[in-house]
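Each structure below is given as structure tokens.
First chain A sits with chain B, and in the next complex the same chain sits with chain C.
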Partner chain A sequence: MSDISVVGMLAENWMMIIGIIIGGLCISVGVHFVPVGGAPAAMAQATGIGTGTVQLATGSGLTGLLAAGFMYKALAAGGIGLSEIVLICATGAVGAMIMICVTMLVGNWVYIYGVGTPPASAKVDYDPITGNSQAPYVAPGTVGQGMPTVCFVSGTMGGLLGGLGGSLIYCMLMGVNGDPAISSIFAIGIFVVNAVLPSYNIQGTIEGFHDPKFKRVPKAIVACFVASLLCGIIAVLIPGIGGV
Partner chain B sequence: MDPSMGMGLVALMGAAATVAGCSEDLESDIGSQSNPNSQVQLAAQVGYPHRVFNKAISGEPPSNAMYCAVGAGVAMMLMSESTIAASPLLAIAVGAFVSALLNGVFSTTSYLGRSASQTRFNQYVYLDVLRNHVFGIMGHAYITAFCIVGLSYIMWAVLPVTHPFPFPVIALIWGLAVGAIGSSTGDVHYCAEREFQDFKFGAGVNASDSGDITRFAEAGLRSSMDNAWFCSKFGGPVTGVAFGLVVFLDNWRSTAFEGWTAVVVGLVIVSLLIIYNRRLELYARKTYGPYPEYAGEIEA
Partner chain C sequence: MSVAAGGEAVSTETPNQVDTKGVVVGLVGIYIAGITAGIIGPYLAFFAGIGAVFATRMGADGVRRVCSYGIGTGVPSIGVLALGMGLVASMFGIAIGWIVGVPMIGPIVGFVIAVVIGWIIGTLANKVIKLNIPVMERCCMEIAGAGVIVLTGLSVMIAGSLDFAVIIEKVVQTGFIAPVFILGALGILHPFNASLGPDETQDRTLRHAYSTGAIAMTISGVCSIAVLDPIAATLSIVVGAFIWYTNFMGFVRLVQRDAGAGYVGTGLLPPGAM
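Up next is the complex of A and B:
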């Protein structure tokens, strides 16, 4: 493959690369919204969902990707334009929101009925949405437990952004190569890249948009912009190597 | 295909997902994989050697994604016309068996490696623990892989509008999702309650009690089978409900509705879940009340 064809391919698909970058940034910001507490949360020792940042964000985002892939196929016969892309992204976002909402709700069942603790945040004195006091409900020796309303809403927003970003990346990749197999695998890869980088910001636990760590979002945006740009360039070039 | 047939298939997928979620959680509970592993690993180091199975293969989502993708890959290969063109049911069963074998290999090496590395803390390698638990873990892993590969096959080849992703990729994504859900829901029941059953009910684990896991059972020493028995009463089934709801609700709205209607239905579901969670939170605050140890100025 000559240098000219590489430049030509990049010039031809610059819109797709921009779409992949926007999708990556959505995922990056979305990960910060998801309330995760890792192993401490699983011991009801910290507020949030008891699993890792990347794992939950990826689990919900890729569930949305499945819904988006389904919708893309349903709409493909009539041609994919801007309105179709918006619908596909909305479908993916809602799919991810359903996954994360059900997970948080059932997680709260376990905290409330299985462990016997009321959901409470240790990062704020009052829930910014409901106004309920939090500190009296935090168990001694812990930094909160479960998902109070503010964390639940924040997690829903995280699912929305994650599903939206993953679906947008899938649409862009389908625009480049038209193959659902390659596009889905590349979309999973780009999703994970953009979910892993913000986890360095989060350092294990974050409660959501009300957590002080949320202010670190700009750093993740810069890092994920660079990573998504590189991923976008590779994603555009690889079908070219295959002769498409 | 009759639309009611499509809905029936979605219901079947939801049922398979419910079973898969439950068995996935119990499999991780027997092996103390993922979050609870931090305490099992720490216990010996802070002076509490135990007979609990210790496998930290990886987080649950990546490991289950791998098992399910392997199972689907093997099933797809067996179903191919260029090999033996096996029936889907047989191919899925063989694929799930291969993924269970893979799980057994990882569980064995993980237990031996983890326990052997803690010799200095008097944590022994118990061969009877290994023999008694690995088959229980593999059995649960088989059920999980069979159900997820099966529901992925329905999406890929049977639904009125089949899914465009490759069969193993669909299984990989559902495997990842079931691991994320199991790790977020059922694990809490084991990690926060069963592992610390000596402590008073109604609070999370105090940071100063980390590693002090319950090592004695109702009779004799506690094993990981006892933990699975306990978690099968609540943690496992609710994990199944969570995964079943995710699979059913997401596919139901895509199958029963089209276009923006499906999106709006999804948003209505999300809104209802947020409202229900708020009511649940209020119930818990009212039922349990503030902790008596709290000495702050904030009015409860």
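Up next is the complex of A and C:
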């Protein structure tokens, strides 16, 4: 590939690169919304879902991608324009939201009926949404348990942003190479990079938008902007095997 | 690779030694598989898998050094990050080789791109997100490079070719890229995740990395039955299973060596089995 064709492909696909960056930023902000509790939450000693950021982000992202891919297939016959991309991204977002909501709901069943703890947040005294008092329900020696209302709402918003970002990246890549297999596996690669960098930013655990750690979002946005730009430039240079 | 289970002092390999071994054996393995495929058929495809096993070991050493600082998110995140970066870079490298008509440059281009991405991601993590881990940049370069060699190696082993169109047809469009992705990531992240703790020793962790890499190789060999010559696939499975068996037994011996309070059988296996 000569320099001219590299520049040509980049010039031709600059819209796609911008789309990939927007998708990456959606994912990186979305990670901050998901109540991730890590190992302490798995033992009902911290608020949030009892696993790591990467597992949750990847799970919701893949579900969103699956939903988006199905919608893409359904709409592809009529050609993909802006309104189709909006529909595909909405489908992906709903898919990811369903996944994360089911995870939180079933997790709460386990915490409430299995472990026997009331969902409570240790980061705020009163739930910002319901106004319910939290501190009396936090078991001594722990930093909360389960997913109280604010975490649940926050997690749903995280699923929305994650699914939206993943689907947008998928749509952009389909526009470049037209191959669902290459596009989806690349979308997963870019998704993972944009999910891991913010997880370093929150150092593994966060309760949602009411958590003080949420104020660190700008740092993750800067980091993920650079990472998405880099991945986007490389990704749009790869043609489908039908192309070139 | 010579780790005697005789209670000797813990051998420490420097990062440069591990990296040299991983990169050289990894790339040479991929090239042996890629070049001979056009001459004698895909029967030496398992060499790419052996390259992937050594690259897994290099990635596991990078994970080991960076995660001993405590990154706060658990070890799996960095292994998945490695394959995320590796995936983008390896497909780019192979695609570039296809576009310019010289498939042989693919793995090297992919490796170089991965090292650059790894350095940038490591710098972002250190300077922007302020993780402040001194080895972050270097380890991100190592794990991204290892990710590329693992992905390229296993893909070449399944497809029996270095050609982008063949790899897309036989590995990506069949969906085998998904097990390759997650097995490659697990191979890199699992050894330290399983061995971490105050009594972690390098030779035990890295011996474990050989066995996890060999599991990825064996399962990729099973995948290649569907798309490649059955003899070549069987060779890959047998070689992979052999590497796994010898190294897993070696790992068990090292665990017994490092068990401070001694060990007793649980009764699950007959006493002589180990």
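Things worth noting here:
Just so it is clear, the second predicted complex is superposed on the first by the 240 of 244 C-alpha atoms of A that agree within 3 Å, B and C clash if a C-alpha of one lies under 4 Å from a C-alpha of the other, contacts with A are read in each partner's own complex, and residues count from 1 in each chain.
Note that in this section a contact is a pair of C-beta atoms (placed from the backbone, for glycine too) under 8 Å apart; a residue touches a chain by one contact, two chains touch by 3 or more.
The model shown is predicted, which means the values in this text are computed figures rather than measured ones.
Per the definitions stated earlier, placing chain B and chain C onto a shared chain A by superposition produces a clash between them. Contact with chain C, but none with chain B, is seen for A:L197 once the two complexes are overlaid on the shared chain. In the superposition on chain A, A:T58 contacts both chain B and chain C. More residues of chain A lie in contact with B than with the other chain of the pair chain B and chain C.
Shared-chain residue A:G50: touches chain B; no touch with chain C. Of the two partner chains, chain B is the only one touched by A:T149; chain C is not. Using the contact criterion defined above for the overlaid structures, shared-chain residue A:G116 touches chain B, although it does not reach chain C.
When the two complexes are overlaid on their common chain A, residue A:T103 makes contact with chain B while staying clear of chain C.
Of the two partner chains, neither chain B nor chain C is touched by A:F33. Contact with chain C, but none with chain B, is seen for A:K219 once the two complexes are overlaid on the shared chain.
When the two structures are aligned on the shared chain, A:F209 is found in touch with neither chain B nor chain C.
Stretch 260-268 is the one among 26-34, 80-88 or 260-268 where chain C clashes with chain B after the superposition on chain A.
Taken together, the two structures place residues 38-39, 52, 55, 58, 181, 185, 188 of chain A in contact with chain B in one case and with chain C in the other. Here chain B touches chain A in the complex through residues 34-36, 38-39, 59-62, 155, 161, 163-166, 169-170, 172-174, 176-177, 179-181, 183-189, 191-193, 195-196, 201-210, 234-235, 238-239, 241-242, 245-246, 249-250, 253-254, 258-260, 262-263, 266-267, 269-270, 273-274, 276-278, 280-281, 283-285, 287-288, 290-291, 293-294, 296, 298-300, going by the rule given at the top. Contacts from chain A toward chain B in the complex involve residues 38-39, 41-45, 49-52, 55-56, 58-60, 62-63, 65-67, 69-74, 87, 90-91, 94-95, 97-99, 101-119, 125-126, 130, 132-133, 135-142, 145-149, 152-153, 156, 180-181, 184-185, 188. Interface residues of chain A facing chain C in the complex, by the touch rule stated above, are 1, 38-39, 52-55, 58, 179, 181-182, 185-186, 188-193, 196-197, 199-201, 203-204, 219-220, 222-223, 226-227, 230-231, 234-235, 237-239, 241, 244.
Against chain A, in their complex, chain C makes its touches with residues 71-74, 76-78, 80-81, 83-85, 87-89, 91-92, 95-96, 99-100, 113, 117, 120-121, 124-125, 128-131, 164-165, 168-169, 172-173, 175, 177-178, 181.
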